[in-house]
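Presented sequentially are two complexes of subunit A, the first with subunit B as partner and the second with subunit C.
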Partner chain A sequence: MTATKKLNLKQKYQYLTRDMDWEPSYQKKSDIFPQEDFEGIKIVDWDGWEDPFRLTMDAYWKYQAEKEKKLYAIFDAFAQNNGHQNISDGRYVNSLKLFLSGVSPLEYAAFQGYAKVGRQFSGAGARVACQMQAIDELRHSQTQQHAMSHYNKHFNGLHDAPLMHDRVWFLSVPKSFFDDARSAGPFEFLTAISFSFEYVLTNLLFVPFMSGAAYNGDMATVTFGFSAQSDEARHMTLGLEIIKFLLEQHEDNVPIVQKWIDKWFWRGFRLLSLVSMMMDYMLPNKVMSWQEAWEVYYEQSGGALFKDLERYGIRPPKYQDVANAAKEHISHQLWSTFYQYGQATNFHTWIPKKEELDWLAEKYPNSFDKYYRPRFEHWDALQKKGERFYNPTLPQLCQVCQVPVLFTETDDPTAFSHRDTVYKEERYHFCSEACCEIFDNEPEKYIQAWLPVHQIYQGNCGGPDLPSVLSDYYHFNLGEDNLDFSGSPDEKRWNEIKGIKPLDKDDVA
Partner chain B sequence: MAVKAISEYTAEPKDKVENFNGMQLLYICWHKHLMFCAPFALLVSPNMTFPELWETQIKPAIAPHPDSAKIAVEKIQWELNGKAFEPNQDTSLLELGIDHKSMLTMATPGLNGLYDAGF
Partner chain C sequence: MSQKVFIAFQDNENARYLVEAISEDNPEAEIQYQPAMIRIQAEKRLVITRETMEEKLNRDWDVQEMLLDVISIGGNVDEDDDHFILSWNN
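Entry: the complex of A and B
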């Protein structure tokens, strides 16, 4: 009767979600949404789902298209003006290599995950929210690749990121994180990605990389960051809404959700150890230390969050104290690992310069000079003698997080926090108590883990020797993508751009 | 605990010993020597003897560390999967109880890494 009247946003949203929904008449609801019950989550009333953003498709398209137009204008200008020449230092590009092979494929995995669970809820509000986020994540994956593609013309190691994500030993850390979430039920997926990752931990991924780009003159990546910011704000808000919705629906949901929070906090924390080394070691111009970031974005924000969730009967993640105490150590332990396995990485590694060592000592007064500076000085001395240290063996990996067993005990930074357990007569090894507990809760899931080191030894990654695994299976260009930054073609090219004369005359081709 | 799933959920371990073509995995950790960022994962024959393991696998792995030249082999304190262990000279690893995915740790009293930092 009011066909000509324009709908307001709220009405549009109502039509798009609730009013496009219907009660099935000749099919059982449980057949249409077969994944809704098996996790044990009880939803009493889907109308309790509050959508924080009553976004409709037409508004969404319009808004995103405007952002896209601006974004690509800047990418074009960046390429035309050779923007890569204005970055702080040639070493900076290595954090982009880590991002493109470690993080951008996760955006794509998030797209797949939300597209999948967006089909699984009988509540229309939840379905729409997941579908919107699926499109956002696909866009993030694409725009990140476009933002960084210019660097691929001028630096090594950026040429085959998706393949590397599927195969390279340390990239199984991010890959298996999302595989774990995507193979869980739909409610665990949302708790894992929307809440634990997007809400609790995302600032520790996004801020370091995007501020890192800003501090290091990388306009392309900064601009991507701005363009994704409003999406991320929506994702964070959604994450909090989801958790509150689950907790309000039924008290039986509380222990289930708590267990997921415990698990996914820890999984996320282990994943972020890669970011910790990026912040402290890979950015030539530092934004803040990992420890400072952890204190601001987890200890303070997370502290307030879990205080707020207390009224639902939720407590902070079980292994939070271990993570808090580790803030003085993990970045140094990670960089030591990548430095010594620098023959097997798609990015370069190096010994920090003197000023950088001093910065680390200032930021980490309790740990750096005592435990970590001596090792970098030791390796530096070797390197100056032409004996750059590479570890010729393969490391033991954690069955759950897939990081090498490199982390140390809270009360002893000189002892690995190794744990093991036996399940059905097979022994399994872990980096920590927390990873061991995640395994014990669902052993059948983790006994299937595709652990890169074991796969190499089974002969499933080419070979027989390590260089052929690296070149044929990982698609590394040996001597170009891997090894130390000093002496690399990247360094040479950077020096040419900046007109820096090589120290050694023999370097001049 | 069982995995919650829409149907019965069972799985095969991916790293069963039969997948390693007659070899087996062995992890080695040298206490207080964090120059090696994590325990080593080695591929070994279950039929080799302990001295062979020492000579062909462990010694080369730890060779980059200055402490390795000072080790008195007979004084090493070994643990196998968390229990004190005396390596017997002439029997195979498997007969010694070193089975697939075992972890051997070695402590070398007096040699506790460099720089008073367990490095």
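Entry: the complex of A and C
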């Protein structure tokens, strides 16, 4: 007779991911999992797949339920106590508008992506991991919308985020990132999202930015951010395990995976330039600069990671040095661009205050005063004369990352980085060598890119002029959601909350 | 080259005990306090031990309870009923 003994963690995980699986008897495995081979990845033994957290379904539901209870208690408290009145500055909310329309829909895209690829693996461990992650990502999308629904009652620009995500020009940057990953094969999707994005890069979004939300008095956002991030810790671990699993399975996988890492690191880096701007310009109370965050979360952590992966024959991403060198520039170049196109954004833009310019100069001693401060001071002078600058043209977009061609050459911050190539008698334009190379490797994929500026010019985005595109197709409330923060209804409302009386003519001595 | 593993926790009541336990088990670990979070880093290896946590809390503690408060990690993870270990192996 055997005594019943409590199973340990390893045994429980073994039962869930191995013993509940079965071998098909009347269908061929290749018919059941038809996407498993076409990318060229060779899996010799799915039993090599291990989730180091060894999370089983019962534990998963238990801990997730507890996280949700804590999170929603805080949302209630935040709403009941009018938490939006305690944020650092009315301008802060604009980072949430970008987050809700740029990032939250990616959580939903990730949910769809993991639900889809989870069906495609013949290994049960991988299927379970993808299932849990799909549920996590759906939770993130929901909690973010719930958290920000409170802000939607008090501020403009938050009313139609999913539609804007699908249509607005700069939101095609995050949208196309996930669409391009989801339209790849299942192993490439995992390398793109689980490894390159979740493991290598998302810390930059969810750790220093969320810590920044706390520092700006936004209890709701920091709480959903860290609650989501507690799932991300699992996702990141999985991302690393996936890479090691692929590399250990067969040496032929190494060059394929390396190419994917090169590509998706670069795409992720371009996507995160939006976060650089949120950190350096959109958080009124600063925690750390983008450059500092990049040094801790990419150069230091990524350095340790890629050293660890050396033994598999993997080297750091091909264009890593370009990304490292750009850390002193990208946030300033991007904010300058959004400032110019502030008539076409669902959030407000502004010239940083004097002390904020000084902070930027201190954090970016090699670049800010030399290249960027004069530009902001020039625009500020124009604005004070009543000639706030808006750029009336539409920007040229990169065919691959869809960011406007606004970044500069590594060795010359005054020269735009621009590449082009001809494919089937058509010329395509890129923001960088790296994006051009991605295109050259998969031209048939990227010629299909839905580039918002081209679509506007082709007449596929509503009316004939920019205001009708913005109002009819993007659903912006013109004069409320867009333009400078100064003079906006948001500013007026914030001043009312804080009892700040704007100066009028009579107050000027 | 220095190769740091790290773990970040929400700065809350649970984290206080985690930090105490980690400091005791990893005397070399560096603790960084940032708004709403605590980041702990160490060269190559960091361990959280169930036994130490149970001493600090004076109750049973499941290693997976840390999932509630963790924000991020860097390093290879190895978890069993008694430990949570982060390491770089190369």
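By our rule, the second predicted complex is superposed on the first by the 491 of 509 C-alpha atoms of A that agree within 3 Å, B and C clash if a C-alpha of one lies under 4 Å from a C-alpha of the other, contacts with A are read in each partner's own complex, and residues count from 1 in each chain.
Just so we're on the same page, a contact is a pair of C-beta atoms (placed from the backbone, for glycine too) under 8 Å apart; a residue touches a chain by one contact, two chains touch by 3 or more.
This one's a predicted model, so the numbers in the text were calculated from it and none came from an experiment.
Asker: Using the touch definition from the top, say if A:Gln333 reaches subunit B (first), subunit C (second), both or neither.
Answerer: first
Asker: With the two complexes superposed on chain A, say which partner A:Arg234 touches: subunit B (first), subunit C (second), both, or neither.
Answerer: second
Asker: On the A-aligned overlay, A:His159 touches which partner chain: subunit B = first, subunit C = second, or both, or neither?
Answerer: Neither: A:His159 stays clear of subunit B and subunit C.
Asker: After superposition on the shared chain, which partner residues are touched by A:His250: those of subunit B (first), subunit C (second), both, or neither?
Answerer: Neither partner.
Asker: State whether A:Lys318 touches subunit B only (first), subunit C only (second), both chains, or neither.
Answerer: A:Lys318: touches no partner chain.
Asker: Between subunit B and subunit C, whom does A:Pro374 touch in the aligned arrangement: first, second, both, or neither?
Answerer: first
Asker: Name the chain, either subunit B or subunit C, that contacts more residues of subunit A.
Answerer: B
Asker: Is A:Gln396 touching anything from subunit B or subunit C once the two structures are fitted on A? First, second, both or neither.
Answerer: After superposing on A, A:Gln396 lies in contact with subunit B but is clear of subunit C.
Asker: Enumerate the contact residues on subunit C facing subunit A in the complex.
Answerer: 1-6, 8, 10, 34-37, 63-65, 67-81, 88-90
Asker: Write out the stretch or stretches of subunit B touching subunit A in their complex.
Answerer: Per the touch definition, subunit B meets subunit A at residues 1-6, 9-16, 19-21, 23, 25, 27, 29, 31-32, 34-43, 60-61, 64, 81-82, 100-103, 113-115, 117-119.
Asker: Quick one: which bits of subunit A touch subunit B in the complex? Just the residue numbers, please.
Answerer: On the subunit A side, the touching residues are 34-35, 38-40, 185, 333, 336-337, 340-341, 370-371, 374-375, 378, 389, 391-397, 404-406, 408, 413-416, 418, 420, 424, 426-429, 440-445, 447-451, 453-454, 457-459.
Asker: Quick one: which bits of subunit A touch subunit C in the complex? Just the residue numbers, please.
Answerer: 8-10, 52-55, 59, 63, 66-67, 70, 203, 206-208, 210-212, 214-215, 222, 226, 229-230, 232-234, 236-237, 240, 287, 300-301, 303-305, 307-311
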